[in-house]
Every structure is written in C-alpha cells, then in structure tokens.
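You will see two complexes here that share chain A, one where it goes with chain B and one where it goes with chain C.
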Partner chain A sequence: MADMLADIAPTALLPDGHYGAPSEGVRARLLPGGSAASLVARRGAAAALAARFAEAGLVLPAGPKAAAAAGVTLVGTGPGRWLAFADDVGVLPGRILPLAQGLAAVTDQSDASLMFEVSGPRVRPALAKGVMVDLDPSAFGAGDAATTTVSHVNLTFWQVADTPAEAPAFVFAVPRSFAPAFLRWLAASAAEFGFALSGAGRG
Partner chain B sequence: MSRLLHGGLVDRSRTLSFSFDGATYRGHPGDTLASALLANDVRLVGRSFKYHRPRGIVSAGSEEPNALVELRMGARREPNTRATTVELYGGLIAASQNRWPSLAFDLMSANQWLSPFLGAGFYYKTFMWPSALWEKLYEPVIRRAAGLGRAAGRPDPDHYEKANAFCDVLVVGSGAAGLAAALAAGRSGARVILAEEDFRLGGRLLSEFTNIGDGPARDFAAAAEAELAGLPNVRIMARTTVFGAYDGSTYGAVERVGDHLAVPAPFAPRQRLWRIVTQRCVLAAGAFDRPIVFPGNDRPGVMSALALATYATRYGVSAGQTAAFFVNNDHAFAAALDAADAGVEVEAIVDVRPDPALAARAEALGVRVIQGEVVATSGKRLSSVTVRTAKGSETFKVEALGVSGGATPNLNLTTHMGGRPTYDEALCAFVPGALPPGMTVAGAAAGAFPLQECLDTGARAGAAAASDLGFAVPRPDVPRAEGAPAGISAFWHVEAPGGFAFVDLQNDVTAKDVALAHKEGYRAVELLKRYTTLGMATDQGKTSNTAGLAIMAHLTGRSIAETGVTVFRPPYTPVAMGALAGHHRGKDFRPTRPTPTHRWAQEQGAVFVEAGFWLRAQYFPQPGENDWLTSVNREVKAVRESVGVVDASTFGKIDLQGPDAGRFLDRVYINTFSTLAVGKARYGVMLREDGIVMDDGTSARLADDHYVMTTTTANAAKVYQHLEFCLQVLWPDLDVQLASITEHYAQIAVSGPRSRDVLVKVVDGADVSNAALPFMGVLETTVAGGIPARIFRLSFSGELGYEIAVPSGRGEALIRAIMEAGAPYGITPYGTETLGVLRIEKGHVSGNELNGQTSARDLGLGKMASTKKDYIGRVLAGRPAFLEEDRPIFVGFRPLDRTQRLRAGAHFLAVGAEPTTANDEGYMTSVAFSPTLGHSIGLGFLRNGQKRIGETVRAYDPVRGGDIAVEVCDPAFVDPQGEKQRG
Partner chain C sequence: MRIPCPYCGARDAHEFAYLGDATVTRPDPAAPDALDTFSAYVYERANPEGPHDEFWYHAAGCRRWLKVTRNTRTHEILAVAFARAEETTP
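Presenting the complex of A and B:
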C-alpha cells in the first residue's frame, strides 16, 4: 500500500486521478482560489462585531461553526476569531473590511490555504484515520467546524451547510505548504475505499 | 492426529495447509496456529528464554508465555508471535525461535545444567568486571544466548494506519459479561463499541458445555452477536485488542485487519491503531487460568486446564492421546469434565481438595478423581505424571496435563491510570482496586466468576453506563444460566524435591529463584520482579504473577494482601511499531513543506535541504561544479559583486494589529518599537523569561496600529505561541490581534550592489530610490504587473538588499520576474549555504548562536536593550552571572595560518594552557570559508571576548584532532561599518 505514493514527490500536490480500490468511496476536489481573511475582534468588541455583521445579513458564528451567506463563509476558529472565505475575490476587501472597521483586525489570508472539498459514501471512515474529532452525525453535522490537527497538519474544516448526514461534504482549508502532505495522507487513508482526486491538475 | 472425531467450532469442510519448521500440516478455518499444531501432534513448539528447555503450548489466548513463534518469511517475518492467537490461514509459515541447531536438539539447553550459576540476579553478580568487557563481550554473548525471535531486518512491505473512534460506551471483551453489557447499553440507543481480541465473539462461552436459557451457551453468544450486529448504534470490532487506558477516557486499541491473511487485502492495512474516546468503559476482559508451581511443570504437554478444555471443546482437538488434570477449583474441574465430554481420554482429575463438588459427575463419566498433588513429570514431551496422595505416590502415563490454580481476573486496564488491585481471600485472587474515571468492571475481570454473575454484572454495568449518560435503558432481560459450583481452595506451590518448578515460564523463573530473592533481601514485590525478572517480557506475567507473590508471601510469613502486587503498564499485549507509526514512514514520516518557489528551484537544478518540515534550496550547482563549495563560493561572490536572489519565505511572519500593538512589542522585544515610524522596520531581539535570547528578527510598522513581524524559520511556531500566551495570559488588557501570515506570503530576498537595478524593473513604477526607500524602509506597492507586494529594505547579507513579500501563490511568478530583470547583471540564485556564509562574513548571529544558552549581552547585542521600559526577560538577564566580566562574548576568529580550516565546536584555550575544563574559555559556533577574504573564518563565544580583539588563542578540537592558533577579531569580517547596505 505504501507503494502507491512511493514514486510521487512529496513536494507537490498529488496529480488528479484515481487512487486505490476501483470504487469511488471518497472524492476530493481542489476548489478554485477565492479570497480569504482572518478576523480577530478587537478587545471586547466581539458582540458588537457580530451585531454589525448580522445587520449586513452575515452570521458570525459564536463557536466552531461555519455559516454561509451572501457569498461569504464565516468559520469560528476560536473565541473572537474567524476565518472568512469567498469565491469572489472582491468580496473580502469590498465587504468584510469595511464591516469590520474599528471592531476587528482583518488580515488577508487569500493565499494561506488551499481548499479541498472532500465527500463520498465512505468519507467518514476515511477521515477518521486522521481527524481526531467525532464526525458522527449525532456529534458533527452540517455547518459544524473544527480547527484541529490532522496528520501533523494544523487546519480548519467544516461540513458544508447544505449537505445531509448520509452524504456529507467537508471543506478543508489546508495551509498551502502542507497541502501536499495532507493529500498524501488523505489518499493513503481513502485508498481502501477508492479515492478520486480532481482539481489539482498535474500536481 | 489428535483432532477429535467431531465437535468444535472449526469448519471441517475446508482444509488449510500450513508449515511449521519446514514440515507441512493441515488445519481448518477457525483454528489458531496452536490448535492446528496440537491437532497435528506437534507439542514441542519452542525453547525457553534462559535454559533453552523444550516448551509446548500452555494457554489458548494472549497470555501465552511459551508458544512464541516467528510468523511469515522475509520482510514480513514477525518474531515472538503467540501461536495461541494466530488465526490459521492457508499457506501460513511459522518457525520456532531461540534454538540452535534445531528445536528438537538445542545445544544451548546445556544452560540448564549451569542453572546453579544462572539463578536470579546472575547478570548482576557475574558480569561485573572488568568493565571494559561489558559492551564488547558480556552483552553480545548474553544477547545471543538469551532473547527471543529475530526481527525481519528489512522494511515492512505492508501499510499500517491510525484511526479515531468515538462512542458512549466501550465494552472490552465479548464473553458473557461483555455481550450482556453491550446488549444492555446498545438497546438504549447509546453508541457502543464492542472490542474483542479474538476473531470470534463469545469468550469462554465458546469453550464451555453449559446452558444459558434453553440452549447452549455458544448459541446465546451467536444470538447476542446477531442482535448487536443489527443495531446501527453498535460497532463490533473483532480482532481488536484494547491495550491501554489513558487520560480523558481514551483507550488505545490495535485492530488486526490483515493478520489473518497471508498478505493484506489490496489497499487495506495490516493493522490499524485505534484511539477510542468514550464516555464510559465496561471492562469485561474475563480471567486467566493460572498455573500451580510444581516440579516438572514446564514439560510440553503441561498446560492450563481451561486451555486443554478449550482445545477440545472449541477446536475439536485433544492436546494428548490421554490427559489428566491437576486443579484446586470447581471451574477447572468442570472444564475437565467438558474435555471428557468432548471426547478427550481423561485418565484422572487430581484435586488438592477433599470431596470436590463435581466428583460424582466425574465418576459418572468414568473419570477417576484423586485427592493429591502432582509432584513430578517425565518425558521430553509429557509421558507420565507422579501424584502424591495420602496413601503414597502413584505414577501414570498421560500425554497432557491440564493444571489450574484458580482464576486471575484480567484487570490489567484498571491499573493503567494508577489503580492498584486488592486481594480477595475468598476468591484467592486480586480484584480491581481504584478504576480509571468512567470505567466499570464486570464478570470474571471483576472476580464475578460464576456464569450467572457474569451475565448479571455485565448487564448491570452496560445499563448503568448508558443510563448515566441519559439514555433510557430498557429493563435488562438477563437470561438464566445453568448453575455451577465455584469453590476454590488456595493452593500455589507443591513443595517436593526434584527438578525445576517454574513460576514464570517465559522468563525461566523458578520457585527457587523466588526463594533466593527472599534470602538476598529482594522481598518487596517491585524488587522481586526486577531481581528475578518475574512477570516481565511479552506476557507481562499475566499467568505467573500471583503464584510468585504467593510463594514470597509464604516465605516472609505475610499474607498475600500484605505482600502486595505489581501493576501493569500499557500495552496489554505487544503492539507493532508499524501500527504506532501508521502512515508516517518513509517520505511521509513527517510533512514536507515546499517553499513557494520550489518548482522553479527544481528547474534550476537546486540541491535541497530539510529545515524543520521545510525543504529549502541549499545551493544551485552549475554545470562543471563538482562540489558544493565551488557552487557556494560562486554564489557568495555574485551577491558581493553583483546580485543574488534567495527564497526567504520560510521565516515566520506575524501580523499584529490593534491600538496597543506598539506597547505590546515594547514588552516582548528588548528594544523599543512603539516609537518606530510608520513605513520603517527595525531589528529586534526577544528574550525568554529567564533572560536567554528566544529569537530575533525584524518588525515593520505599516500603520499606527499595524505591525508585521518576522521570526526565524525554526522558531516561527514557538514565537507565535509565545505572543498568544503573552496576550491571553499575561496582558489580556492589551488590545492587540495576532494572525500568522507565514503561509499567505512568499518572501523573496534580492541582495547585492545591483539589487536596486533589479528592483526598479520589478516594481510597477514605484520609486525605490535611496531617498524614497532608505535602509530599513518599507513600501507597499505592486510588482510584476499588479501583484500586491510589501517591499522591506533589509539586509542579512550586509549588501544592499530588499525582501519582497507577495501572496504565496504568486511567489513563483515573482522569482521568475526577478530572474528576468536581473539577467543583465548575471543575477544568481542562492540557497541556505550561501545565506550562511554571507551572514558569517557579516557577523550576524543565527541559530548556532541563539542556542538557548546565550543572553543579548553574550551576543554583543546588549546595547540594544532599552533601559527605559520593562520587557520579558529583563530582570533575569540582569543576574550577576550574566554580567560577569569573563562570560563568553560573541566575537570573530581567523586562523593565524590562513590556509588552515576552522571547525565549529572547537573550544578556546589560552596559548600553552592544558586542555582541561577549568581552562576552557569558550567555543566556536559557526565557521565558513569566506570567498570574499579567501580564508576560513569563524564566530564564537570567548571569555571577555570583546576586550580581547587582537589576541591569539587556540581553537582546540580533540574530536577531530584540531589545535589551531586563531586571532580574535571583530565578528563583522565584511564591511564592518555597514556602508554597503545603506548605499
């Protein structure tokens, strides 16, 4: 099994393709680049910040949750801390920065992470090989998020809001330089269920 | 063949071929290697650890001390595999171990005649002097003579992995108690994991001819398993050993996914290491049948009474043509009758007790019951036993002897968090003491031996665990088990003259060794264990401990309870290193972090070096360059004379915002940052609380309330953590927000006298003249056609230099643009080697100097420390020892004979001084060949160094035979006034 990756350099993303068993138990897709930012509330300003976001139709989750609205996904990563993701590169400087003015530090993180959507009928048992968080539907559902360590990689992930318990999709925001190692772990873990990777091109 | 005509849970319709020590045998699916060997009359399976005595199969489970074999061949060879737990598969290859030249004739068995000299503690007594022989002679000889199997010596071709599981109730063991617990908890809807070490659920229920409800016990097991398998909230994990209990109600387990196959299924691992996090744990791990110590009790054919019965009832195998039993308890007595029922020719049951409860049943079956003790055995394989009775002694022929001294609860997991078992006189057994949080113990593991109690305590424990967690538990429906007597009479050791009477078969510890330990004063249980090795090695004394303690108790005249017991540490059974490593081996041992320009550097033919997780370009050899030094000299000259480029993205980069950011930096750096002008950068040094330098780097001010900090590559995570700690714990009143931006930015450094010429062509029109962007200036602009960038005019090399930060996805585009712009100047890519030479020539400190032992003053940076403010480390940096005159201080060194090569690690001595610790004056930290100066240069710490510039000292390097006269000089070898970087 270790042979599957033996001839692939650990310094680049795995190339698109099918890995492991012939079935397609797990799928991963590298999402196209958008924009991202970290938000850290100024001292004592978390509530005011949440209120201001709410007025603008956005939800700043109070806890490890991901909330998507108006083209922006906001993920709670710690007390008074969030990551914001948007497909449209104009959204964060145009919308989030002005909203946060005076109430939060906003830092551009657009190139910090690569985003992988991971899904498929066997996604949970595959992820259990590195995710040290209970992913059972009774404990982790649509919109739940975690900031944790997976196979030595510190990352944030969440279950996509409109995906049901029986066919969940998760998005992993993986630090760019760790993305090759993350994919190697995911491919090795998903291989017994069959693993299809797309979006990474030739790696 | 010793396969009984019928019975057992093996699939007689299919035959599996396997080999042991080169001979081919046949078994059936459902067999273990041990049961298949016994079925083929193979009773000699190994040699003992110390005396190399012939040994046979003793148990039918993971407590096996004797039947350790090498399983599989070549790279898959696994030593010390317990034949009693190896599930038979077609084509299985096993070999005996620890024998030479053969199992039947082992020359090392001569050791047993030396036993008077090989008793307890003989290593300590014998191999004392001369000490020169410890490593060269004694250890190799002992290791060859003792020890167990051989490692494969080649990389394991199989894959291992780790996984996490979560549940409300973890049930360990699937015997009567475990099944009852899992049913009670599972029916409530709680998430249950039922872990079973065996490949088949049922535990002892598979081996006993007793009834539960209206049918055989094994039918109950099958029905329970079927019900559990149908519950979506229950996960059954067979072939899974829970080996450790840890903090936070976390349990370690290993699942043998592919061990029962010749080769694991495609893409499936051989083993999977589980981290199980549960709310409650019900330990239902059963009990071990423990031996009685008597002369000749290690002969192949002498085994556990319950194991002998198990081979007959579960596997349809008679462990010998004829068998006898030697017991002190009703449970083993009943097992003997089960064996007879299954078809074993039982000659006699020797019971130490008068009138055992089941005597009448035995007689009805035609089995003799003798009140007495076995005092001797004979045969290379057991051929006869001698029994001492009130009337005298009697010898009769048997091939197998089932021995039971009672049941020892399998409470190992209860002691992993510090619990200490307590002795129960009535049960003649240690039972669990304090339990890990969240754990309850049920059934035989708790000393509840009778079958009905197993079912009752199991159901109660399962129900209580689920109900504790708020699940509505239906009234447990516990079936009635057939009643059975459960009497026992404490009996440990037959005192009789004659041969070896073994307490611990795996370590060859005899009753005599325990007596010797007693005589020599090693009476406390922990000392007894270390002195005799009782209870060590792969079986951890699962069966042997209690008898050893009982003998010591007898010798000291104390009770067993007073004598006490040793406790167990994880793992319960050995765990393969491969399982602990999981995915992380070879290229995946740890993550590899490529830099943003990795692909470009590969194209340039870079040689790479690991820097933590990062893989950085080390140097860029050109055609015709045959050694790294030639390449590095060329790269250094290019930077000094024209321009070079290096990827500095690995530095830690931290974004700091908030009204108090300046004040915060003043407290974490020794120098002041609150006064730094917007658009400027400053070099800073931060200390640990104890006054030692933690890290250095530059911080730049982008706005009144916005700074960006760089850290060294090595300390990126540590500094971020430190800053978070300061904000969250030390000064929560400060309004500062941190964000790591290491991953977001690529940072490319362009250095050399022509670097501005290159930069002009890279920026999108911004003014980068000396006036607009002076030394230590910062500019936010765009480069290479619209890439947002921050340009810092910094210099690590001492040359005119710039660091350009762009989003990391654009790093490769930037370096290609820089290369193109620099082509007219012969721009030269360089790596970490040249980076090192440049900074040594310039006398800048780096990781070698920031080594966790040096203060800012030691590093020559003492003048940077502000006296107008407080900062972390200030008070302890002022300790007298830190301020002593002759403390080693940072200076430069050059060899008097310029052709000589300096070496880092050399210590400094005064000329003519003896090389003693007392005369040690410091040490060399960094050296390089300076192509700029044409000779070797060094940096280091020398007592009172700054005041000794111009002196000559010796760089003494006994490890590599160096003793070189060096001149103490200023650490800045190149451009000491710093004019080049400001130009």
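Presenting the complex of A and C:
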C-alpha cells in the first residue's frame, strides 16, 4: 500500500478521492472547522460545574463519554476535564466561559484539532490496525469516548451518540499538525476495504 | 502488560510513564539527619519480588497519576487507584 501514497507529500493532508479496493468499506470526512475549548474543573468543583451546565441544557459527562446537546459536544478526557466542540465558529468560548466562572479554567482550543468523521461497514477492522482501545460493540458503544494514542498520534475520539452498533460513526479530533500522518495511517489501514475521503479538498 | 486506569479503562502499558517506588515518603528537609534521609529517599531502592506499589502516569490518556500494585514477577496488576486521594472517577 506504500505505492498508493508515494506521490503525496507526507506533510500535506491526502486529497479527496478513493483509495485502495474499489468497494467503499470505510469513509472519512474532514468536518468543517468550528470552535473548541478545554475545560478543567477546580479541585472539588466538578459536581457544581456539572450542575451549572445542566441548568444551561448542556451535559458534562462523568467519565470518558461524549454528550451532544444544544449544539455543543462535551467529551470527558480525565477526572474533572473535558473538551468542548461546537460547529459554530468562534462562539464556543463565549458560551462556556460564563458557565465556568469561578469553577473551572477554560482554554480556547479552536483550530488545535482537525475533526474527521470515520464510518462505513468495515470501519472497525480498519481502525483496529491502530486503535488499541477495544471497539467491539460489547466494549465501546454510542457515546463512548477515549483519549489514547493511535499510530503514534495522541488524540481523542468518540462514537457519535446516535449511531447504532451495526453502522457506527466515530469522530477523531486529531492535533492539526499530526493530521497528515493520521490520515496516511487511516488510508493505508482502510485501503484493503476501499477508502473514500471527502472534505479535504485537494489535500 | 495492560493497566486498568480507573478513568480510561484497560490500556496498553506504553500509554503510561513509570515513575517508580510509591512506598517512599519525602523526609523533613529541616531535620538534623536530612542529608542521610534524603540520600536514602532519592537513591536507595529495594528490588522486591512480588507485589510492589509504584507510581504510573497516564501520559497518553487522562494525564492522571496512578498508584499501581504490580507483581514484579508476573506483571499482574493487583490494585489501581488515583495517586491523589481525593480524586474520584468523574
């Protein structure tokens, strides 16, 4: 499979197109840029923070889960720590800051990550080549999240909440400068099942 | 070897950084014998066979320090908890 990527600069994203086998076993879509923030609760303040978010119609999950509500996805990355993502460009810190006042530190993470939605009938066997977390439906289901290392790239991913076990979609938040390496790994891993990439334009 | 992180679940050992012995306690730097006790605290380590308490940092996951009881003969993990006592799962 090395030949397939030989003429593409390793420092650039792969261009949109079809890679490998003619079937479409795995699909990946680069999601349009939105806004992101990290949230770290002050010591002992996690419960009060979760209550304040709940009043605002948002869900701060306890544990490594992703919860989408009111246009914001909140992903647990550690005890008292979350990543927040929203489709709206630039508005997320404005929505999160008032809720965090006095209870948590908020850091703007917009542009830190590229978001890839990965799906398709053979998505699990492709991801298993680099994801060390067990993605079998009995171990990892809709709304489950993990912060881990995939092919040497440290990232956070989750299974989209409303996607069923038989047709899961995963979102990978990949540190921007590592995204070309991640995408090369994904294309090489998914090529035997046929891999369709969209959203990345000419790479 | 896999370490069952209390937050993240079972993860490959290479996601963690190993600090070492979790049984030693930092001595009082103002004590008259501080030079000797600090020397022992920093340098002297037993090489136990069997269950051993040690600190591991989940560098690639939740970024929390864990206190892990590991059997040094078999790598069986006998207990795992957050190193910071007041830290709970959420």
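Here, the second predicted complex is superposed on the first by the 201 of 203 C-alpha atoms of A that agree within 3 Å, B and C clash if a C-alpha of one lies under 4 Å from a C-alpha of the other, contacts with A are read in each partner's own complex, and residues count from 1 in each chain.
Throughout what follows, a contact is a pair of C-beta atoms (placed from the backbone, for glycine too) under 8 Å apart; a residue touches a chain by one contact, two chains touch by 3 or more.
In this text, all values refer to a predicted model and were calculated from it rather than measured experimentally.
**Q** Which holds for A:T77: it touches chain B only (first), chain C only (second), both, or neither?
**A** second
**Q** Quick check for you: in the superposed arrangement, does A:P64 touch first (chain B), second (chain C), both or neither?
**A** The second partner, chain C, only.
**Q** Under the stated touch criterion, which partner chain does A:P180 make contact with: chain B (first), chain C (second), both, or neither?
**A** Only chain B is touched by A:P180; chain C is not.
**Q** With both complexes overlaid on chain A, does A:A200 touch chain B (first), chain C (second), both or neither?
**A** In the superposed model, A:A200 contacts neither chain B nor chain C.
**Q** After superposition on the shared chain, which partner residues are touched by A:L49: those of chain B (first), chain C (second), both, or neither?
**A** A:L49: touches no partner chain.
**Q** Now for A:T148: first (chain B), second (chain C), both, or neither, which partner does it touch?
**A** In the superposition, A:T148 touches chain C alone.
**Q** A:D136 contacts which: chain B (first), chain C (second), both, neither?
**A** first
**Q** Scan A:M115 for contacts with chain B and chain C and give back first, second, both or neither.
**A** Touch status of A:M115: no partner.
**Q** Return the residues of chain A at which the contacts from chain B and from chain C coincide.
**A** 43, 132-133
**Q** For chain A, which residues are in contact with chain C within the complex?
**A** Of all residues in chain A, those touching chain C are 43-44, 46-47, 50, 62-64, 76-81, 132-133, 146-149, 154.
**Q** Once bound in the complex, which stretches of chain B touch chain A?
**A** 157-159, 161-166, 191, 264-269, 275, 277, 583-588, 590-596, 598-599, 602, 613-615, 655, 657-658, 732-735, 737-739, 741, 743-745, 807-810
**Q** Could you please specify the touching residues of chain A with respect to chain B in the complex?
**A** 1-2, 4-6, 10-12, 20-21, 33, 38, 40-43, 104-105, 107-113, 125, 128-134, 136, 138-139, 151-153, 175-178, 180-182, 184-185, 188-189, 191-192
**Q** Any idea which chain C residues touch chain A in the complex?
**A** Against chain A, chain C makes touches at 7-9, 11-12, 14-15, 60-64, 82, 86-90.
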